[in-house]
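You will see chain A twice below: alongside chain B first, and alongside chain C after that.
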Partner chain A sequence: MTQKLFITRENLKKLIQSLKKDCDEFIAPKIEHLDDIVFGDTRNNGEELLDYEGNSIISPRAFLLPQTELLFEIRSAKNCDLIPIEDKKKRVFYGVRPCDIKALVLMRKFFLDEFVDEPYQQKLERSTFIALACGKRCLDKSFCHIIGSGPMAKEGFDLQLIPIRRGYLVEIGSKKGKSIINKHKKLFSKALAQDDREIKKMLENFAEESKKMDFRGLARIMREDKVKTAIWDDIGLRCVVCSGCITLCPTCSCFSIMDRLNGDKGVRLRYCDGCPYAGFTRMAGDNAPFPLHKDHIRRFFEHKLNVDVERYGTPSCVGCGRCIQTCPGNISIKEFIERVIGVTE
Partner chain B sequence: MSNEYLPRKAVIEAVVDDTPDTKTFTLRLREKDAGAFRYKPGQFLMLSLVGSGEAPFTFASSPSRDGRFQVSVRNVGTLTHALHQLKEKDIVGVRGPYGNTFPLDKIKHKDILFVAGGCGIAVLRPLIQYVFKNRKDHGRVEIIYGCRSPKDIFYKEEIKSWANNPNSNVYLTVDEPDEPWGGACGVVCVLLPKIKLNPKTAIVFLCGPAVMIKFAIKDILKLGFKEQNIYASLERYMKCGIGKCGHCCIKGKYVCLDGPNFSYAQMKKLGIDA
Partner chain C sequence: MTKRVLTTCPYCGVGCGFYLDVRDERIVGVIPAKSNSVSKGYLCVKGWHAHEPVQHPDRLKKPLIKEDGKFKEASWDLALDYVASRLKEIKEKYGPDALAVCTSARCTNEENFMMMKFARAVLGTNNVDHCARTCHAATVSGLNQSFGSGASTNSYDELPLMDCILIIGSNPTEAHPIVGWRVRTAIDNGAKIIVCDPRKILVAESAHTYIQQYPGTDIALLNAMINFIIQENLQDREFIETRTEDFQQLWEAVKDYTPESVKDTTGVEPQLIKEAAKLYATSRRACIMYSLGMTEHTVGTDNVIAMANLAMVTGHVGKEFSGVYPMRGQNNVQGACDMGALPNVYSGYQPVTDEGVRKKFEAAWGVSLPTAKGLTLTDMMYKAIAGTLKCFYIIGEDQVRTDPNTHWIEEALDSLEFLVIQEIFLSETAKKADVVLPGASFAEKEGTFTCAERRFQRVRQAIEPIAGKTDGEIIAELARRIGYDMESNPEKVCAEMASLTPLFLGVSFERLEGNGLQWPVPEKGHPGTPVVHLGKFSRGRGKFIPVKHRPPAEVSDKEYPFILSTGRMLFHYNTGTMTTRVANLLREYPRNFVQINPADAERLNIKRHQSVKVKTRRGELVVLAEVTDKIKKGVLWMPFHFTNEPTNVLTNNAFDPVCRTGEYKACSAGIEKL
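And then the complex of A and B:
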C-alpha cells in the first residue's frame, strides 16, 4: 500500500467547508423523504452526510449524464442556428462509493474514446471526485466483491477516504487530489501502522465472503451464444419495460436527441434512452431489427457482461445491485451470472 | 475543442422528385471550406432539420463534385416527411462524414456485382459512379436492381447510361409491373442466374431491405461467391453517428463506427445470418 494520510472527522468537516467555497455545486449524499440516500447539491444547506451506510439510490451518473440535458440553444430553426450550451459548473462529488467510481472510469473511457463527447467532457474536467470506501457490505443484493469493484476503489478518484475507527485514511489518486492536500496540509497527519493493520483486517473480512468471478469465461459463453435459451426467455418474460435498471445503472450511457421548438426558437436536448424499449432500435417504416422483447433486455446483459469485457477488459456491471433492487419482475444480473457460470472460488 | 454534435449548415441547391415518394436533394455546405466535407463511397451523414429531428442518410452521389453532394430521401417518417416539404435555398444541418467506406482497394481489377433493392440503390450509387469513372481499373460490372413497381425506380436516366459502359450490364426487376413494363418480374433473386461474373473472385455489394439482403446472400452463396467477398450496407436507428448513443450497437459493434458496410463473414459474427 502506498503511503497514506490521516484525517479526523472534525478536520474532514473543515475540509468540506473549504472545498465548498471553491465550487459551484457540492454533490454529496443526503437523506431525502424518509430514509432514502440520494446525491444532491448540499453546498448551501449543509445536508451532506459525512459517512453513510450502503449506497445512494441513484448513482452520481445523474449529474454527468442527466436524464435530460440541453445541448444547443436553437436561435433559429429555419436557419439552423444552433449555439452550444456549456455547463461551466465546477462540481465536487463527495462520498462516491467505489463501485460508482469504477463506473466513472468506464464512462470516462467510453465518452472520450474515438469521437469525444464534448458535453460530457466539459462536466468531467470541471469535477473533483472524493471516493468513500466501504467499511462493510451494503445491500445483500450488491456484489462488488465478486465482480471486483469494491470495497475500495483502485483508480478514478482524486481522493479516497477509507473509514477507520479514529477517522479516515486518505489516499491520493490524482494531481487534483494532491493539490487539495497541499492546500489543506494542516488538516492531515501521517497514517499510523495500526491504521494500515485495521484496513488489512477490513479487507480480509471482505475477502472471506468474496468469491472471484470468471468474467472472461462468462463473456466467452455469451459471445458464443451458449447461454440457455430458457434463461433469456425467463428474463424476457419478467421484464415489464419499466426502465428502472437503465435509469439507475451507473454505466448505462444510451441517449436520444430531440428538438423542442416554440415558434422558430427552442432547444436541442438529449435524454437518457435505453435498450429495453422496443422503439430503441425500431426504424421508420416499422423496420425492427430486434423484433422480440427478450432480445431488447438481453442487450443490457450483453453490454455489461460481454461487450465491455471485450472492449475494456472488464465487465461494466460494477455490482452495485441497484437494478436488482428496483426490478419489479425480480430480474437479477447476479443470479444471471450464477445461473450461467456459477461462481468459482 | 469542437462539438461533434453541432451540425454545419448546408443549403439545398436542387430538389428532384425521383419517384412518387422519394426526393433527391443536392446540397452544398454554406461555409467557405465547403470542400473540406470530404467523404468516400459507403459513408453516411447525419442530416437534421431543426425542429423535426436528425437521422443518418447515405451520400447518394460520388464525392468528386466541388463540395456538392446528394441525399435521396424516401417519405416514411416524421423527419423525412418534413424534409419533403423543403425547397431550393432552404437550410438543413449536416454532420459527418461518418462510418467506414466500401473496400475500394479490394475491388481493383475484380468483377463486381451490385444488388440493390428500392432506395438501397442510393447507397451503392457513389460506388457505382466511382467504378465507372475508373472503368479500366475494374473487371466486369453487373447491377441488379429491384423495385416495387416501375415508377419506384430511382435515377432512371442515369441507370440507363450505366448499361452503356463497356463490359457492364444492368438488370431491372419489379414486384408489380404496369402496362408498358416489358422487363423482369419478381424479387432480385430471380435475376441472379443471369449474371456472368467469376464467382470465385468477384466482389458483391448489397443494399436494400433486410429481407432482400438475407435471401439474396443465400442465393449468391449458392452460386459460389465467397463469404468474405460479399458486403452489405446495414441500416440501423442512430442518434449520434459517433458511437455514443447506443442505438445501432449490435453485439459490441457499432454500425456507425465499425460499419455501416460489413462483409458477410462479419455479419455472421454479429448474428445477422442469411
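And then the complex of A and C:
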C-alpha cells in the first residue's frame, strides 16, 4: 500500500468542485424520489452524496455500457454509409463502491484485452474513478466480504476514499489519481497513526462476520457438474426471464446489435442481452443447444462462478447483491453459493 | 444532459414504478425504483424494456388524412379543423347519439376524464366506453352486486403473508409478473397455493393443489367447492350471520352441486375439489386471485359472483389478509373505469341517470347533459352495422385486433361514415380511419394511472411529445374547435375530477408525489384505503346471489371438437404494437402458435412446430403447433399478440348479457395438420 493521505469533509467538497470544472459529467450517488440512491450526473446541481449507505441501484456500467447505446448513424443502408457515433465525454465517477471497482477491473479485461471494444474504451479512458470504501455492510443481500471484493478496493481506482471519523483517508491507485493529488496538494495532509488503527478496527469488524469462500472449490464443483439437480430445477422454476440480473450486474458484458431504420436511414445500436433469454442461444431452424429454461439461467451462474474463475482467476460475481434484490423469482446467487458449497452430489 | 424521470410502467395493471434514464433527449434505459411501494425495485421483462418502443422510428409523427383510400400527411391545424367540422356535421345531421367515443386504458386518468367529458359535454352523448368492456367489465358488474364496489378488495402487500391463495383463471407469472413475485414470496413463506386453470401454468408447478378444469366450467367448480364447504360445516357462520344476506338462496342454488356431480362437466376429480375447498376454507389468511380467465365468458358476471359467494361463505373478505383480487390487465384500465369512461356512469361510478349527479356535472361544465345511458363498446359495433351509429372517435385502442371475431368488427368499422383514431403506431384499426391523429406515449406526458390495487400513481414526462401534442391537448383542441373550452393541464384536470367525485375527493398531484393513494380517498387529507369493506361492505351487507353453471355459447361438436381458449404471454402485451417493437421480446416469441396436448396431437398426427390450421365458425388461421402436456386434453390455447397472425379472427363475440364482454376464453374449434 502506498503512503496514505488525509482529507477533511470540507476539503473533499472543494476537491469535488474543482474536479467538476474539469469534466463533462460528474457521476455520483444522489437521492432520487423518496430514498433511492442512483448514480447520476451532479455536475451542475451539487446533489451528490459525499457519503452514503448502501450502493447505487445501477453500477457505473450503466454509463460505460448503457442498456441501449447508439454506435453508428446509418446515413444510407443501401450504400453501407455509416459514421460512428462517439461519446467523448470526460466523466468523473465519484463514490464508487469497491465491489463495482472490482467489476470495472474485470470489464476492462473483457473489453480491452485481446479484441478492443472501441466504444467502451473511448469512455473508459476518459473516465476517472474515485472509490469510496464501505464503512459497514450495505444490504443483507450483498456479500462482498465473502467473495473478497469489499469493503475496500485493492486496485482499479484512481483514488480511494476511506471514511473515518475525522474525514477520509485517501489512497492513490493510478497516475491519474496521483496527478489529481498533485494538482490539489493544499487540500490533503498526511494520515496519522490513529487513522490506520481506526481502519484496522473497521476491517476487523468486517472480517468477524465473514468467512472467505473457497471460490476455486466452488468452480471445481460446477465444472464437474456436481451441483445437485434439484438446485438447478428450483432455479429454473423461479426464473421468469425479467432480465433484471443481467441488466444490473456490474460484470455482465453481453449485448446484441440491431439496426433501427426509417427507410434507408437510421441508427445501429447495441443493447443489453444475455443468458436468461431462450432466444439468446437459439440457432437457425429453432434448434437450441440447451432447450431447458433452467439451463439458460444456469449460464449466468456458470459464467460468474466457474468460467471466469478459470479465465481471470477470480469469480466475476462481485457480491453486490443487485441481482438478488431485483429478482422476482427470489433467486439468490448468495444462497446458491452457500447451498453448493454445503451440499453437492 | 442526463435525467431520471420517475414514472409508472405502461404495461399491465400491476403499476410498477421505474425511472426512465434520459440522456440528451434519448431514453437509454429503465432503472427500477426501490422506493416505489408497488414494485420495490422489481420489474418484469416488459418493464425492463419499456423505453424501447417510445422513440421507435415507426412512431406516428404527423396527422394523417385519408384521401381516395390513401393516407396523406397533414398539419395539425388542418387535421383538427377537419375532424372538428366532421364531428359537428354528423352531430347536426343525425343527432349526438350517432357519435361514439372509445377512450383508452393506456392513457392517463386525466385524459380519460377529458375524453368522457368530451363525449358528454361536447358531443352530447353518453356513448363512451373503453376496453374494460373486453376484460374486467364483469368484475365491475359482479363485485358491485355482491359487495357494492367493483374493484380489488385488498392490497398487494398482503399477498406474501397469506396462508392460502386460490388462483383461478389468472396467470400471475406471465400476465402480472410483479404480483407473481408476491405469489412466489408467499410460496417461499410457506403459503399453500391452489391453481385452477385449463393450462398448467408456472405457479401450478409449485401449487399445493392443481385443478385442471375445462374452460367455461368455473361456476360448476366453485359451486361444488361451496357445496362441500357447507356440507362439511366449514363455512364461517358468524360472518354469514353478521355481514351477509340471502345465504339461504345460495344454498338452494348450490345444494345439488356436489363435487361428484360436476366431474363430467369440469373434468376434475371430486377429491381435488374437496381438497381445494377444505384448504381454502380452513386457512386463516386466504384470498382469491382471478383475471380474464373468469371474466371473458358469456357467464363472466356470474363467474365473478360465484367467487364472491365463495369468499363470503368462508369469511375470507372484508378484513386484512383476505379478499378478492381481480388482476386488471392494462396499466390504467382501473383508472379508465374510475374516470367514468363507461356509458352509464360519470367519474367515481356516479350514475348518469341520477338527476342530482347530472345536475352537479351540468353546473360544473355549463352545459346540459344527456339523460339516458349510452352504448357499450359491444353494442356500438352492432349499431354501426345497423347504421344508426355513424361516427367513432377512438383513442389508443386497436379494436380490429383486440375484439373477438375480427371479421365482424371490420364490418362494423367499415360501416361508419367517419372514423377518427388517435394512436402512437399505425395499428390495424388506425388503417381503417379517415383521420389518424398521432398521440403521445406514457413517456411524453404528465398524469396519473390507477393500478389494480386502486392506487393512483404519477406518470411523468421524460421527453417532449414526439408528434408535438399530448392526447389531452388534442382532445382540448378539438373541443375548442367545436365551441367548448376545456382545461388540458393534467394537474388542473385532476383537481376538477377530484372536486366532482366523492370517491376521489382527496386526490391531487401534490398528494400523489410520494407513493400515490389508494381509493376511496373521500376527504382532502384522507390517507387512502388499503382494504375496503372493513367491518361493513360498501353496499351494507354482502349479498349472496345464486348462480348456476351455463355452458359457453358454443360447445364442442363433431366439426369443431376442441375448446379454444386464448390469453396473454409474458413477453408480449395485447396487440403487440409495443412489444413486437422490442428486439428481445420479439425474438423470444416472434410468431403465433397453438398449444395442443400430446395425446390430441398424436391422434391427429401433429408434430412440434408443424403448421396447422385452426378453424372456428368465424374464421381460420394457420399457425405453428406447440405440443405440450401443460394443456388439458381437448383444449387448444393461443396467445393474441400477433397482428400478422391474429387469433381474434377465431374467437367468439357472443357476450355476457350483463356486462357485454365477449367470450374469448371458450369457443369450439377444429384443428388440422397442413
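Convention: the second predicted complex is superposed on the first by the 340 of 345 C-alpha atoms of A that agree within 3 Å, B and C clash if a C-alpha of one lies under 4 Å from a C-alpha of the other, contacts with A are read in each partner's own complex, and residues count from 1 in each chain.
By our rule, a contact is a pair of C-beta atoms (placed from the backbone, for glycine too) under 8 Å apart; a residue touches a chain by one contact, two chains touch by 3 or more.
Quick caveat, the model's predicted, so the values are computed rather than measured.
Touch criterion met: A:L34 reaches chain C, while chain B stays clear of it. When both complexes are overlaid on chain A, the residue A:V241 reaches chain C alone and has no touch with chain B. With both structures placed on the common chain, the touch criterion links A:C80 to chain B but leaves chain C unconnected. Using the contact criterion defined above for the overlaid structures, shared-chain residue A:P66 touches chain C, although it does not reach chain B. By the touch criterion defined above, A:G342 lies against neither chain B nor chain C after alignment on the C-alpha atoms of chain A. In the superposition on chain A, A:G266 contacts both chain B and chain C.
Look at A:Q325: by the touch rule set out above, it reaches chain C but stays clear of chain B. In the superposition on chain A, A:M258 makes contact with both chain B and chain C.
With the contact threshold set out at the top, residues 256, 258, 261, 266, 273, 282 of chain A are in contact with chain B in one structure and with chain C in the other.
Per the touch definition, chain A reaches chain C in the complex via residues 25, 32-36, 38, 40-41, 57-58, 62, 66-70, 237-238, 240-244, 247, 256, 258, 260-262, 266, 271-273, 277-279, 282, 286, 325-330.
Note for the complex: chain B touches chain A at residues 1-7, 9, 48, 50-55, 76-77, 79-80, 90-93, 209-210, 235-237, 239-240, 242-247, 249-252, 257, 271. Against chain A, the residues of chain C that register as touching in their complex are 1-4, 6, 19, 21, 23, 26, 28-36, 41-45, 47-49, 51-52, 56-57, 173-174, 177-178, 180-181, 184-185, 188, 202, 205-206, 514-515, 570-571, 583-584, 587-588, 609.
On the chain A side of its complex with chain B, the touching residues are 71-72, 74, 77-80, 82, 84, 110-111, 113-119, 121, 223, 225, 253-259, 261, 266, 268, 270, 273-275, 280-285, 287, 289, 299, 302-303, 306-307, 310-311.
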